[in-house]
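Below are two complexes that have chain A in common, paired first with chain B and then with chain C.
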Partner chain A sequence: MQFFGGSEISPSPPVPTATGNNAHMMYVFNRNGVCLLYREWNRPLHTLNPQQDHKLMFGLLFSLKSLTAKMDPTSADKGNLGVPQLPGQGCSFHSFRTNTYKLSFMETPSGIKIILVTHPRTGDLREPLKYIYNLYVEYVAKNPLYTPGTSIRCELFNTALDQYVRSIA
Partner chain B sequence: MAPAAPRSGDAIFASVERVNAELFTLTYGAIVRQLLTDLEEVEEVNKQLDQMGYNIGIRLIDEFLAKSNVSRCVDFKETAEVIAKVGFKMFLGVTASVTNWDADGTCCSIVLEDNPLVDFVELPDTCQGLYYCNILSGVIRGALEMVSMKTEVTWIRDVLRGDDAYELQVKLLKQVPEEYPYKDDE
Partner chain C sequence: MAAIYSLYIINKSGGLIFYKDYGSKGRMDTNDSLRVASLWHSMHAISQQLSPTTGCSGIELLEADTFDLHCFQSLTGTKFFVVCEPGTQHMEALLKVIYELYTDYVLKNPFYEMEMPIRCELFDVNLTQAIQKDRVVLLGR
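Moving on, here comes the complex of A and B:
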């Protein structure tokens, strides 16, 4: 899948280095579209302010999810495009790749969405995203100082996350 | 293909960190005792326990989902089975059974034969209106709300009140569809 594909093809980004650190950024959203966490490791270009950026990302995923469900050839019962789905209905995508980046996506039934943007040559990140969800449980959900639905300010979580992401991507 | 959801929580229960059961039971007892002292009214204690359970449930659901590999349930029947067989085993070390379905499949009972919360407990005469385990109903309600199911959970039978088992009625009120959370003009 290629988005914003113009006539000029941008040169491929550098090949992943052995040292890791090929992750660009990560988002965690809850069901209400609140960006619980945004981490950035390697993002040279910012075109929007953070709120717009988060909203755009959430909107992209939301729309893409309803599109993928609409195009599903295997399921008979489908609503119209844009009609809200009940949880458990429809299908879900787990990643897309452009020539410059790869976006991996995981959504839990509780509405937590984890998005990791990496170098396009990274492999399947579904298992790593599950692991990140486990980190979220250990460091955030179990943290008595954390109020559900607010943005995450937990140094320990950030440290564990940085370390883990460096090891996978 | 994703791995099938576990039909029992035994494996998970064996792998997670556990605390001593007596310590757990006695701590819970101390909490209820303290609430009775602080709030004085038995009704208020029931309410408070339910609220505490709810607060636990909305966090617990993520731990449950992360560790159990349950991804989705096709209907409420499966949800109830998963709570009874996997959920209770994972967090309390006991299993429950699901019975008394109504015709629409929206209301059922979860029956607990064995309840670790109530070891060493006797209700004195002054506390006859107390639902000692009301925290459990709050946990279920909170956890299900996070997966978009509004439910009502009530106690039908309680051994501490002279019945022969613990029975929780779980009634599905409505399933909330996922909607786009932003307004267009924001």
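Moving on, here comes the complex of A and C:
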């Protein structure tokens, strides 16, 4: 398994796009941890450089999924902590909130992880994330020029995404 | 009815000092609870690094499919977190009550060593009372 593809695959952060967008940023990862897309609309603080930031985000999600699968109070027999979970196996989280941001997460059966970081008082974003996944399917997966596992460079997807996120945040 | 499944208290270095399970099928043995607690401590710290704005103090609420996890961090770095049913209300208030009980029955106990596992009978008794009261209030609504 190829984890964390080299720097030529991870995209560098783009110039912040449309102003007036309330969402902070968005990540899309594939099942190997390669960051397919990173959109930034409103991020005053950059703690790490982009590659480290993507790896840290993926690592956090991987560990949180492992934690929720182990902590699940409704199932008696769980695997050991740290064993990689298949998409859909075990209890998974769909969002967490801190005092400065709310992170909403969705994983598809194919291992595509969509993460949206918004302000803390945002409501449940599971349906919007499903819609964003549909946008991904229409504009990226069905794009004959797109190679799976590489970073997403589809103008139509970016435009549709910006428009949609502006309407939900 | 809405109820809590378990309560964890971790010290400022991430070590588990108290774990109580209130009747979930997912009750963990000691080793697993220790691992889960330290994992949570690290995740809490990493989430501060990923914040898009300054002033982040870590995860306060984690929502999963079958449970919610509410976390309260005191000014000294001690973290109190409860695993409860999804959508349970007023967990922040309950965590503050538990924090008060901790300061009264644990920290003011002259035989308690800081950062060590909590073995204070009065704390256990009052904690059970507080949790039961919370349950009764919820069921009574």
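Keep in mind that, in the parts below, the second predicted complex is superposed on the first by the 146 of 169 C-alpha atoms of A that agree within 3 Å, B and C clash if a C-alpha of one lies under 4 Å from a C-alpha of the other, contacts with A are read in each partner's own complex, and residues count from 1 in each chain.
Just so it is clear, contacts are C-beta pairs under 8 Å (C-beta built on N, C-alpha and C of every residue); 3 or more make two chains touch, one makes a residue touch a chain.
It should be emphasised that the depicted structure is a prediction, and the values quoted were computed from it without experimental measurement.
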For the overlay on chain A, clash or fit between chain B and chain C? fit
Which of chain B and chain C A:Leu56 touches, first, second, both or neither: second
State whether A:Pro73 touches chain B only (first), chain C only (second), both chains, or neither. second
Of chain C and chain B, partner touching more chain A residues: C
I'd like to know which partner A:Ser167 touches here: chain B for first, chain C for second, both or neither. neither
Partner chain in contact with A:Val117 - chain B first, chain C second, else both or neither: second
Regarding the shared-chain residue A:Phe93, is it in contact with chain B (first), chain C (second), both, or neither? second
Just checking: does A:Met25 make contact with chain B only, chain C only, both, or neither of them? Give me first, second, both or neither. second
Mind working out whether A:Ser151 is in touch with chain B, chain C, both or neither, as first, second, both or neither? neither
According to the stated criteria, A:Leu45 is in contact with first (chain B), second (chain C), both, or neither; which is it? second
Closest Cα approach between chain B and chain C after superposing, in Å? 8
Using the superposition described at the top, list the residues of chain A that contact chain B and also contact chain C. 59
In the complex formed with chain A, which residues of chain B make contact? 58-59, 61-63, 65-67, 70-74, 146-148, 175, 177-182, 186
Which of the residues in chain A end up touching chain B in this complex? 31-33, 55, 58-59, 62, 84-88, 108-112, 130, 133-134, 136-137, 141-142, 148
Given the complex with chain A, which residues does chain C contribute to the contact? 5-6, 24-26, 28, 32, 35-36, 39-40, 42-43, 46-67, 69, 83
Chain A contacts chain C in the complex at 24-25, 42-45, 47-48, 53, 56-57, 59-60, 63-64, 66-68, 70-76, 78, 81, 91-101, 103, 117
